[in-house]
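One structure is given below, represented as structure tokens, and several questions about it will come after.
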Amino acid sequence: MDLQQGSIKDLWKAIYNTGDLHHCFNCSTCLSGCPASHGDPPLLVRNLARKVILGLEEELLNDDTPWACVSCSKCEEMCPMDVKPFEMILAIRQWQSANDETRVPPSIVEIYKRGYTQAVGVNTDLRDKLGLPELKTITNNPEQLQFFREMLMKTPVVSANDYMFGG
Amino acid sequence: MTKFAKLSFKKDELNKELSGFFKGMLENGAVNAVLAPMAQPKKGVRLSLVTSAAHTAQVDPFAPVAAVSGAKIASSLTARPSGRKVAMVLRPCEIRAVVELVKLKQVNLDDVLLIGMDCLGRYENTDFAKFQEQGGTSESFLENAQAGKTAMADFDIIGACKICEFPTADNVDMRLCAIGAGNGTVFIEAVTKKGEEALDKSGIKSGESPAGRDEAVKKLVAVRTDARDKKFTEYRAETNTFEALADKLSACINCYNCRVACPVCYCKECVFVTDTFRHNGDQFMMWADKGGMLKMPNDTIFYHLTRITHMSLFCVGCGQCTSACPNDIDLMPLFRTSADKTQARFNYQAGRSVDEEQPMAGFKSDELVEVTGQVK
Amino acid sequence: MAEKKPTGTVLVAGAGISGIKAAIELAEGGYKVLLTDASTQIGGILAKLDYQFPTDHCGMCRMLPMVGREYGSQYCMRKSLFHENIEILPFTEITSVQGDGGNYKVELLKKARLVDPAVCNEMGECIDVCPVEVPDEFNHGLTKRKAIYQAIPHNTPKMLLIDREACTKCGECVKVCTTNAINLDAQDEVETREVHSIVLASGVKLYNTREFEDAKSYAVSPDVVTSLAFERMMSSSGTYEGGVIKRPSDGKPAKNIAWIQCMGSRNRRQKRDYCSSICCMFALKEAVLAKEKGGPEVDTTIFYMDMRTFGKGFQQYRDKAVDEHGVKLIRCRVQGVMLKPDGSLEMRYFDPETNEFFVKDYDLVVMSTGQIPFETHKKWADLLNAPLDERGLLATEQYSKIKIAGKPGLFICGSLMGLTDVSEAMSSGIAAAGEATNFLTTLGVDILKEEEIAEPTAHERENSLVSVALCKCGEKVGADGIDYELLSAELLRYRGVGEVNVIDSICKAEGETTTNDILGKTKCNRLLVGACQPFMYRRKLKNVARKAGFNSSMVEIFDLFGIARRGMVEPSVGDWTLRAAREVKSDIERLKYKPALHVSTLPINQTALVVGGGIGGMQAALSLATRGVPVHLVEKEAHLGGYLGNQVEHTIDGLAPVAMASDMKLKVFENKNITVHLNCEVEKTVGTLGSFESKLHFKDTNENTYLHHGAVIMVTGGHEGATTEYGYGTSDKVLTQAELKKGMASGNIDAGGLENVVMIQCVGSRQKEGRHYCSRICCMWAIANALKIKEVNPEARVFILYRDVMTYGFFEQYYTKARTAGIIFMNYSLENKPQVEMVEGNPVVKFMDTVLNTEIELPADMLVLSTGVDPEESNQRLADAFGVTLTEDRFLAEADSKWRPIEFQKVGLYLAGTAHSPMPLKSVIMQAEAAAQKAYTYLSGREVHTAGVISKVKDALCIRCQRCINICPYGARSYDEVEKCIVVDPAECQACGACAVECQNNAAEVTGWSDKQLMAAIDAKLMDDLLMSTAE
Amino acid sequence: MSDFEPKIVAFFCNWCTFTAADLAGTSRLSYPPNLKIIRVMCSGMVDPKFVLKAFLNGADGVLIGGCWPGDCHYINGNFKARRRVALLTELLKQYGIGEERFWLRWIAASEGNMLKEVADEMTVKLKQLGPSPLQNMGQMVG
């Protein structure tokens, strides 16, 4: 990646104009406990911060991972530099939307299809090992899912883009 | 490559031929003095310091006798150096002792031309007198000994020589080679540059090398090594307890002759004759009380064991200790068997090299972990 | 008649190692020291540590004085400390400080121990009967102790005390105490003392899991411990008695151990935006030791952010830990620890090397807990009415880490300056003692002078006759202790004993009188005293002996109670007595054959030689000169100031080296005590402490001068390293940090025109080929330059490519400041160094960004290289001239990397500053001050007394084989080429006996430890059964 | 044989092992009275003569205690001691005094427990081994 060509110096001002951002020293605290980092592709909060700081506009615009955040706020609580990563993620989402009005976050498609954004399920194995019963989720409850889809279809963002949800 | 000069001699003219070499060196200024075994006016052969070329006629380097260790003499001559150049003709065991003494700063080789003679053994002093009386000469000895015949009617070469695996000398400038030289021939070998210069100056022409020497030395060393191993096994079996050791040493009277004769016991005065061992009457009484009696003089085993700790690492196996004992205690095997073990433990060999550090002079942080067997 | 001046007295508050060091240095200088500690015992953090980095060994005793050894402790310092000029007050808090400028009234709150150590016989039956069990704080709660307890297991005396909070006052201990040592109603005492100066060495509070909320997501199990607790788990006197490290929860061996760095530190959120400096090395050491103890199957992982191996030898240690021991380092700060049902500790982390997440189970997690400095600093600031700086730390004078700002006579050292390793604790302790001494010399106070009593000639008659005096220690031993009658009778029967007397309390005035009487009347010629603490009143007793006409070496003291009790759990009176009798006989033998000792006196030429005229050298010179010591200051260049003083206008922490240096130069040239020698080097120095002669060679004129002096301080500096990497030398757009700094200062470089600047750190540094060390200052330099660029041109983008950002301690704030300013820090690894290509005359830097895991191309207008610090090439010549050695990295090798950082093995030679290793200016000044103090201790008097117990040469026996010279670890022996004999330098010799063993005929012998004495002692040990049998 | 109490002459360095002996004492770790402790300043101060003297005077065992490698107060005295012990062991084992009767151990100041362990272990070993082969040589003392 050529930083001369591919980066906008002051992009961060447009996205997350706060002094907190620059405190980030890439310690990875935000990564190590992030539930959305289990997803595919994983949400890598630290990398988002780096992209914002470097001003990698194109990469950021096409990055869907901010939408995978489940808002657990662990990163927010544990970030030693007080970067307030969750706020940064919201800011990125906002910026992405503002820069592409037609943007439909893929996570909404996922919600429509599955009933939730990302499969996290870190404890499934452990539950199994401990002999605990499988938890009831929306996936194994088709009626609920159907009802949920209908509800979604009534929202403007979904109905206006129904071709994407055709499934 | 070393240079050889062949000296052929007619019967009874070995020493005459050899004296030409020493004479040449003295006259041409290769050295200012020669320390070599010299025939004494009537009988006997002693190391003598010769400064006049005229006296070189008496040289008898191959005489099978060494009344004192030449290493001790080398120390006397060079520890406080004279500044004059000396050629020293010494036996291999003496040379090896010299190597140790160099490390102990008791010999200074700066002005020394070291000449090692091939050694087939030596007789005790008194036996050598008999040897001469019976018409024995260096020539006859060289010839007979090379054929394995060192024994005379009622005596033989000393025990130390019988098990000595170093008949030739290393760490020398020159060698006087007799082993494998063939009857009527000896060779002078210049080993170092210093030796070559001396050989040139002596006026003796260099030429062919002794063809059979290496083989003969190898054969002799093999015989000696076998004898050594046999002796070690025997002696260790005889002295595998303290009581047995005490028995071996029971005749000791603390005369300290062994340590005076020892070339590597280099202390001015032995610690056993210093105030450290000048005990009070009540101490003797206390020791006597302990076991009910106390053999006097005491501290005999203590002395010998201490001496082993002090010099077994330097021991060259010359046998002077045995020769020196007035009570015929055969100390040589005691020291040689110990030296064998202690030197092996430190992968050290007394007299092997001047550059090899004496084991007690140093240490490494990561060695000998087996001694404590502890890891952190 | 002149009024008698008061004795200079210094309060050292805090008895950790820096406080102890400061106290020893002051005491050695003749000042009276009050050494207090708020905790129950002395020793501080180090009391808990069996091993210290970077050598993984102890060696605390090496901080003891080398000359005049007999005045200080003569045994393991973890046991205790004795110095006649030091009064130790543990369990004492300072509650108020009044006064100013050299007259301080200090109010001490001496907390009640409830057990009187003067009366306690230390049998410990009270501990057995105490029904209260509480967690033992010494082992971080991993073990239990009673309410009546011994705080540190290896302390001697035991110094028992009662935990008032835990004590139920049940009175069981009082019942079993035979000496009435326990008073459950004892009250704290308040005492006011007057002191002239105060050194704060209290250390700071450490982060703990109870108090701080950010610890909660980690401390989920007893198996998550702090690094100090882990030390106790490794210690022989700790939780597992030095054996296999286990999980505290269930005692299973810990096979997988993880360390989490920066616990409590480098945390802006919690307002702790600083680094704790020592934790990286601490964790590396613990990981290595865990592997050494547990074997290679123990897996050790350190989770870190930057591995801060900035000190001397630290980088080598890190490389060894990783390459040889297999310690894993993962650059990731984990968010928390999860306790799994099987008790294992799960951690999830992102490994930037593989760019993957991992979830791993650990048996044990160690939190590298850092400092919590602000409370402690605030407390001291309030007490002393001293200012805090903007960070909330005690403000120090601009160029000093030691002097409290605006408060003459008040100083700090040790971890109050920010957590310090042993080496820095030592330097700072000495420097604080130096500053205090500097201050005291301006007050006109006096120093304690040894009572000068002439040494009578020895009673060396043909037969020694020993008088034995047994102290009853104020009946301390009680009824079930030693049977003095039986013991006396037994000893009287022993050969060589002339009389046995029983004295009540030899340490008290009555005891002294009694001893005096005994010595006056006795027919004996030697006196052996059996008492409790031999080191405490050794000198006093020896003076009593001298007054009575006894040579003081003919009087010995032995630890009657210690030896009698050693190794016995429940001895009967008979056991005690018999053992005492047995043990003392070997002491009798030793004394019988002991020769009279004579302390040598070395004349001191009270002049110092300082080599190196940089800021450090000038500091050392001025420090000594203002105390009245004449100084020769030698500089190889044509002008003073050195690298910093001539090249560096400003440092990041607000210092102005050039301005400072020019100010110092004026002072140096004005000072009548300083003679400056420029353009010259020391070619050869001979001599010993107090009388050195140095040959100075002037390179311009090719002339030589000879200087005479009593001590030497080497303060040679360093300079910016050279490089040919990254296109340096091929373009004026590739330059070094120093060049950039100068260019900007002179206006030659206009930062305003810069768009993209790239800086590469660690050029040629911290790698096995090249500078195998961190130069410690480059990160700060790069940040300073980057900030300057940003200041001039906020639009410029500055990228700093680093391996580990080494902004240790409170320098961390500049790292934070730099990021806030928009400077972008990008990490690269040694295996994947940046590549530089010149494209159209501009450098383009390509490297692998470890965050985004992509190749990044950075076109730069300017590439700035941090090329580290190289030692002066003259160091080799210097080392040769003084007979000292260099490290592999060509810095001067100090005597001991931890305990004697500013000394050489040879007494009288000292080093400071970059001659030791690269360091920031304030550290240079601190070390220079410390070195000056070390020299001053000897240069302040006309003579120095060495020790009586010393190695000697019996010339008549000596054959001059020189093996003793070779074996001596101190270089104390040498061959005198003129006299042709072996000579011993009494200042160097530490009486270790190596020479005596190496010498085969006792021509070398340690007086007082001769073979004759020791062999007699062996006799006594082995004959005891024989002699005792009739007594029983 | 059960009532045989071996005599062990123990040369302990002042800084580490002697402190450990003290610590064992104060920690109330009882160790056998068989240890006859002689304080020396450094394990490197132990002359081979002392070891010989001890055995010749009837010691059943000799124990030298020094600082761990790297801990030596005198920098490297313990390394020198180690070489001497190796030398003496080579010598003495010929006469029946082997490694089992002559020990060098590193015992740090804080290792009171290890001191006890070593003392116990050595005492037990020597009890099994029985009296020194020099036991009945009192009349030859020295």
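Labels A, B, C and D are assigned to the chains in the order they are written; within every chain, residues are numbered from 1.
Criterion: a contact is a pair of C-beta atoms (placed from the backbone, for glycine too) under 8 Å apart; a residue touches a chain by one contact, two chains touch by 3 or more.
No experiment lies behind these values; they were computed from the predicted model shown.
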Open item on the list: Farthest chain from chain D, going by the mean of C-alpha atoms per chain?
Closed with: A
- [ ] Identify the chain pair joined by the greatest number of C-beta pairs in contact.
- [x] C-D
Open item on the list: Measuring centre to centre with CA averages, how many angstrom lie between chain A and chain C?
Closed with: 52
Open item on the list: What's the distance between the Cα centroids of chain B and chain C, rounded to whole Å?
Closed with: 54
TODO: Could you please state the distance in Å, as a whole number, between where the Cα atoms of chain B are centred and where those of chain D are centred?
DONE: 37
Task: Between chain D and chain A, distance of the C-alpha-averaged centres to the nearest whole Å - done: 70
TODO: Can you tell me which residues of chain D touch two or more of the remaining chains?
DONE: 48-49, 53, 57-58, 68-70, 76, 80, 84
- [ ] Hunt down the residues of chain B that sit against at least two other chains at once, touch-wise.
- [x] 271, 287, 290, 360, 376
Open item on the list: Where in chain A do residues touch two or more of the other chains?
Closed with: none
Task: Chain-to-chain touches, reported pairwise for every pair that qualifies - done: A-C, B-C, B-D, C-D
TODO: Give every residue of chain B touching chain C within the complex, in rising order.
DONE: 104-106, 266-271, 274-276, 280, 282-283, 286-287, 289-290, 310, 360-361, 375-376
Open item on the list: Please output the residues of chain A touching chain C within their complex, sorted ascending.
Closed with: 1-4, 9, 19, 22-34, 37-38, 42, 44, 46-47, 50-51, 53-54, 74-75, 78-82, 130
Open item on the list: Under the stated contact criterion, what part of chain D meets chain B in this complex?
Closed with: 48-49, 52-53, 56-58, 68-70, 76, 79-80, 82-91, 94-97, 103-106, 133-134, 137-142
Task: Residues of chain C defined as touching chain D within the complex - done: 50, 55-59, 61-62, 74-76, 78-79, 122, 124, 150, 153-156, 158, 235-237, 241-242, 562, 565-569, 579, 582, 586, 967, 969-970, 990-994, 996-998, 1006, 1009, 1011, 1014-1015, 1017-1019, 1021-1025
TODO: Please name which positions on chain C make contact with chain B in the complex.
DONE: 56, 289, 292-293, 463, 495-496, 956-963, 966-967, 998, 1000-1003, 1010-1012, 1015-1016, 1019, 1023, 1026
